[in-house]
Amino acid sequence: MSRLCVASIGAGRAGLVHARNIARHARADLVAVIDQNAEAAQRFAAEVGAPPTYPSLEEALAAGPLDAVFIATPTHTHRDLAVEAAEAGLHVFLEKPMAISLQECDDVEAAAARAGVVLQLGFMRRFQPEFAEAKARIEAGQIGEPMIVKSLTRGPGLPPAWAHDLSRSNGMLAEVNSHDFDCVRWLAGAPIERVYAEVTNRKGAARGVTADQFYDNAVVSLRFANEALGTIDGTCPADYGYDGRVEVLGTEGVLIIGDVRGTALIEVRDRTVGAITPIHHGWPQRFAPGYVAELDAFVAAILDGAPVPVTAEDGRHAVAAVLAANRSWQEERPVRLDEVTAGEVTA
Amino acid sequence: MSRLCVASIGAGRAGLVHARNIARHARADLVAVIDQNAEAAQRFAAEVGAPPTYPSLEEALAAGPLDAVFIATPTHTHRDLAVEAAEAGLHVFLEKPMAISLQECDDVEAAAARAGVVLQLGFMRRFQPEFAEAKARIEAGQIGEPMIVKSLTRGPGLPPAWAHDLSRSNGMLAEVNSHDFDCVRWLAGAPIERVYAEVTNRKGAARGVTADQFYDNAVVSLRFANEALGTIDGTCPADYGYDGRVEVLGTEGVLIIGDVRGTALIEVRDRTVGAITPIHHGWPQRFAPGYVAELDAFVAAILDGAPVPVTAEDGRHAVAAVLAANRSWQEERPVRLDEVTAGEVTA
Amino acid sequence: MSRLCVASIGAGRAGLVHARNIARHARADLVAVIDQNAEAAQRFAAEVGAPPTYPSLEEALAAGPLDAVFIATPTHTHRDLAVEAAEAGLHVFLEKPMAISLQECDDVEAAAARAGVVLQLGFMRRFQPEFAEAKARIEAGQIGEPMIVKSLTRGPGLPPAWAHDLSRSNGMLAEVNSHDFDCVRWLAGAPIERVYAEVTNRKGAARGVTADQFYDNAVVSLRFANEALGTIDGTCPADYGYDGRVEVLGTEGVLIIGDVRGTALIEVRDRTVGAITPIHHGWPQRFAPGYVAELDAFVAAILDGAPVPVTAEDGRHAVAAVLAANRSWQEERPVRLDEVTAGEVTA
Amino acid sequence: MSRLCVASIGAGRAGLVHARNIARHARADLVAVIDQNAEAAQRFAAEVGAPPTYPSLEEALAAGPLDAVFIATPTHTHRDLAVEAAEAGLHVFLEKPMAISLQECDDVEAAAARAGVVLQLGFMRRFQPEFAEAKARIEAGQIGEPMIVKSLTRGPGLPPAWAHDLSRSNGMLAEVNSHDFDCVRWLAGAPIERVYAEVTNRKGAARGVTADQFYDNAVVSLRFANEALGTIDGTCPADYGYDGRVEVLGTEGVLIIGDVRGTALIEVRDRTVGAITPIHHGWPQRFAPGYVAELDAFVAAILDGAPVPVTAEDGRHAVAAVLAANRSWQEERPVRLDEVTAGEVTA
């Protein structure tokens, strides 16, 4: 096999970022778009070279050969789709959060293991140049041992309705901050042991979403297995723009990753306003190099036997941390990740 | 009275910053340096125009007229010195932390009230131009309602020995992070209601300080009375330099205050190293304008009857937050500030 | 025609940047690498998917169909190669500087016009996001009318030997600063009318290059037809790294484009050193998005009939400005661009 | 003498900056404000503690003892005032530009030498921390030998009417860019040998100022005696704010001094606008530490016999460079500084 035949499952925004990169890739072809919503699937396909569309993976498989799928659907569908794909012998790229519960994560991992297919999770920040450079410096000992690791994500615009329906998602900490939970663990070099979360619902009421279902601000304290501490904060919607920044303080120095300011352009027109620099408009633009590089890694894992850089274990850890954090604010106490049970969901 | 006669009590680093500013002030004269340690007092005096030195406030008062004192001694001495000064009719500028317990804070406040003297607390960040500008913008509604307020302080060098002796201090959160506790409340526009803290001792062992007495890293989650959330983190020693930064996310925008980079100078010599910008070397330099402006405000409160900008209530709130945070890591649970009792100390 | 068959002529660094992008392009295939030096051609081809190599365009044409060529050879070969390609009916992408003399520029332009092929010049900065955004803002009137336009380019490493052999190149101002001459005119919105240049040879002696042939520092004053003024400065080698920055001051504001600092990463380890940010290592990395976008534009001009964004006139103007600047430092006086004669070269 | 009695001559903006610093100085008293315009003198005095005002130096001397004067009057009055002060035995701090012609500069220097008084010129940028740090690094060899030195100054607001009356001033290059001419020479470590200037009048017409009298934009090429090259650009009014930045490229590295962005505060409210940072509003704020430090140096030169840090020779060199630059744009050719004659003025 020298080129991969890839199907994109889920005609949403995250799927589109991947599908565009697949369509442009030198070693992969986008051969199918899969979504129950035929209209959405066709609109999506029109933006990526108009591959055929199908309502289900089953029908796509019937139509022709497939090597791999990208799954970027609502979280509660991940388990079944990923298991189905793995059982069909397809390599699986699975967006975050991995699934709704640890049991679901285990089901996916087991199915991939049984099938002997590649299973890669969608934590693209690890591939973003400034993040990868920071990780390399930490591993080289440039800042000594990590002591405090902080990460924030703020996103403009409301998440989709299912993301604050607790029967289909574990809420903002899952949908927005999964990246932070993965990133801090990766940079700290140790699993998260205990979390404490505070949340509030500040803008939901104006949108008719009650506090029971919804929170739009969170701060989470972290304690890692190697004694590092940390914080995560998340806000969505943060109308000012998309913002994702990380800071790692070590025993010998500090790394500050990311900047709310984007393009290297300064404009000054009015001295009472000040100097203006464009910011990042959204995650597809902010992490564009990361998305390309994680696809390259997935292709290399399949075609070249390269190691899978982001594994089921990584996806599972982020799910455990989110579930612990949600239980923390519900029970108003710190929660250890090993308290989370296999079938536990936040609802 | 057109010029103030001021005594500086405490021949340490913080006292020196104030004493230098007093000696240069157009409406104040530094007329006495007071410290039990005669040698330290003389060394200190030599740097600020050589005013006479005394072992106690009593002896200084006997030697000539005084209008005001700056108290920058170890925390456990604050209550007695401040009460003595107030009872002698002197205006009191009191460094942070205000005292060891809430009872001591109340004693100081009551003494000042009885004597009718000005009592101002040493939270100079409020006077620092970028902090003051941020506060003005928040009050003008530029970023809407505060949702998340974050503050960090990291300092090079060990704190003095008494600062991690829990019979004389409430530890790093008191000695280093009092500024953060004050600043977040001031910027959030509401008192802190509940805190949760995680701490570690990462460098103490190498210095022979055991974990029982000591922690050198802390992250604290905050919940404010107006539903804002927040975090504080502190590290001391952070050998890379002095760093103090704050971020306020509101419903309509964000303010990022401070930069680890200092002087507006970039040097590039080696492309494998990168572009280098000097950083702040310590708090006296980092907050130099703030120290000058808080002195101006103190002088104006005394000579012109201007309102006292930082009050006993401000000092007391920071002490309460520190005590709650310390109890939080000791009891491994979130602690409300109203749980802190009058005589409570961390020890 | 739905995909372009493209040959890369010139097995050097600039050619490689283009060839890599062609090999990855969705609408183009790299089908030939052409260089007289067979070994260099093969080394080059090995890095871009191993297309066949040829010693000449003639032999490549004999081997199979070609639609377009990228010419990235030493400047003195541009005219003949571009004319040969155009006469063979091939679309031509021609690296800067366009040619050695205005007569050569005219020859190339005439050949392309006769053949009816696309001729695009390699000024990739126009396609770099921050430059394109600045141009859009200027055209939208955000900073009023341009008054002063400044541009600098500094490059690490020596240019190739032919670049300071005045029988084969017009020197550093041509080889390094052509980009600046094009960019300032494009941003000023008017041709350069008059230039004055000062040059020095500071590092050549250590490399056995005499001042007669060589200068490695230049500052150039500019006067544009619309009364804007400007400066260009160039240095090569500037061992500290690659640096290209532009500033446009208008009647209503200012735009500062580019930053010596690259990746959004800050590291602090030592307070006596300061905060360190990686810089750009070279032009292929610094202008990577610009190189991709100029290729997209070339493909679109051929396949979709889109307008050619950088024309022979643009290339010719930069050559005229370089020749005038070289005459200026030789004659120690300001030189108007209309003084430059058709056959004039600097030698 | 332990405290200096100082008079401020010239009730304008620059005088006020000095007078405020003198009034606050520990070793100096502001004892007189001198201006022909009694009303202006009184308004000025009211802002600095209300010292007595006088219409002339003569009357001030008659009223009481004086040790030193600060002269911040229109340039054409500098020579007579400085000579008068020196002949009265007063130490002289003289604002830039030193005088209208080299002859006048020589007259001032000779008078000070005869009287044995301190004569210090007002180039405060040398005392600004980031400039002083850059100079120290250059002298320590951090960036090797200077190759290119660039400086710009842009000011909001029109200069006073006399500043573009060529019988009273040598125009914008003198009034605004004297600082740049001094600064580049100081940082390059060698005198300017030759200049070439281009100027335009872009906003004068709208204000009824004809091109004969006026230019509001200039770019100047520089060649130094040690083979370094440079550029200066000036614009006044530049309505966007006050901006002064310098860059020094050496054989081993580069230093970038200053930033259009001021206070370390970032605000983002609207993703279509971007991140906003306050800028410097004017030179009194931008160079506040420099003004304080140059006063300290003047006081130390008088009271402690410290070396005078900015001398008549420095002032004279900047005047020569300005006169050469003005002749350059008038004669449309590069002009050597040694072509400037003793009595030459631009008019």
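Think of it as A, B, C and D in the order they're written, each chain with its own count starting at 1.
Basically, a residue touches a chain if its C-beta (ideal position, glycine included) is under 8 Å from a C-beta of that chain, and two chains touch if they have at least 3 such contacts.
Note that the structure is predicted; figures quoted are calculated from it, not measured.
Colleague: A-D versus A-B: which has more C-beta pairs touching?
Modeller: Comparing A-B with A-D, the pair joined by more C-beta contacts is A-B.
Colleague: Looking at CA centres, what chain is most distant from chain A?
Modeller: D
Colleague: Indicate the whole-number Å distance between the mean C-alpha point of chain A and the mean C-alpha point of chain B.
Modeller: Each chain's C-alpha centroid was found; their separation is 40 Å.
Colleague: On a C-alpha centroid basis, what's the spacing between chain A and chain D, in Å?
Modeller: One centre to the other, that is 56 Å.
Colleague: Among all residues of chain A, which ones touch two or more of the remaining chains?
Modeller: Residues 239-240, 243, 252-254, 256, 260, 266, 268-270, 278.
Colleague: Name, in rising order, each residue of chain D that touches chain C in their complex.
Modeller: Going through chain D, the ones touching chain C are 145, 147-148, 150, 154, 194, 196-200, 202-203, 217-223, 227-231, 233, 235, 238-240, 243, 249, 251-254, 256, 260, 332-334.
Colleague: Spell out the residues on chain C that touch chain B in their complex, using ranges where they run on.
Modeller: The contact residues of chain C facing chain B are 156, 239-243, 260-262, 266, 268-271, 273-279, 281.
Colleague: So in the complex, the part of chain A that touches chain C is made up of which residues?
Modeller: Touching chain C: residues 23-24, 26, 129-130, 133-134, 137, 142-143, 252-259, 263-270, 278 of chain A.
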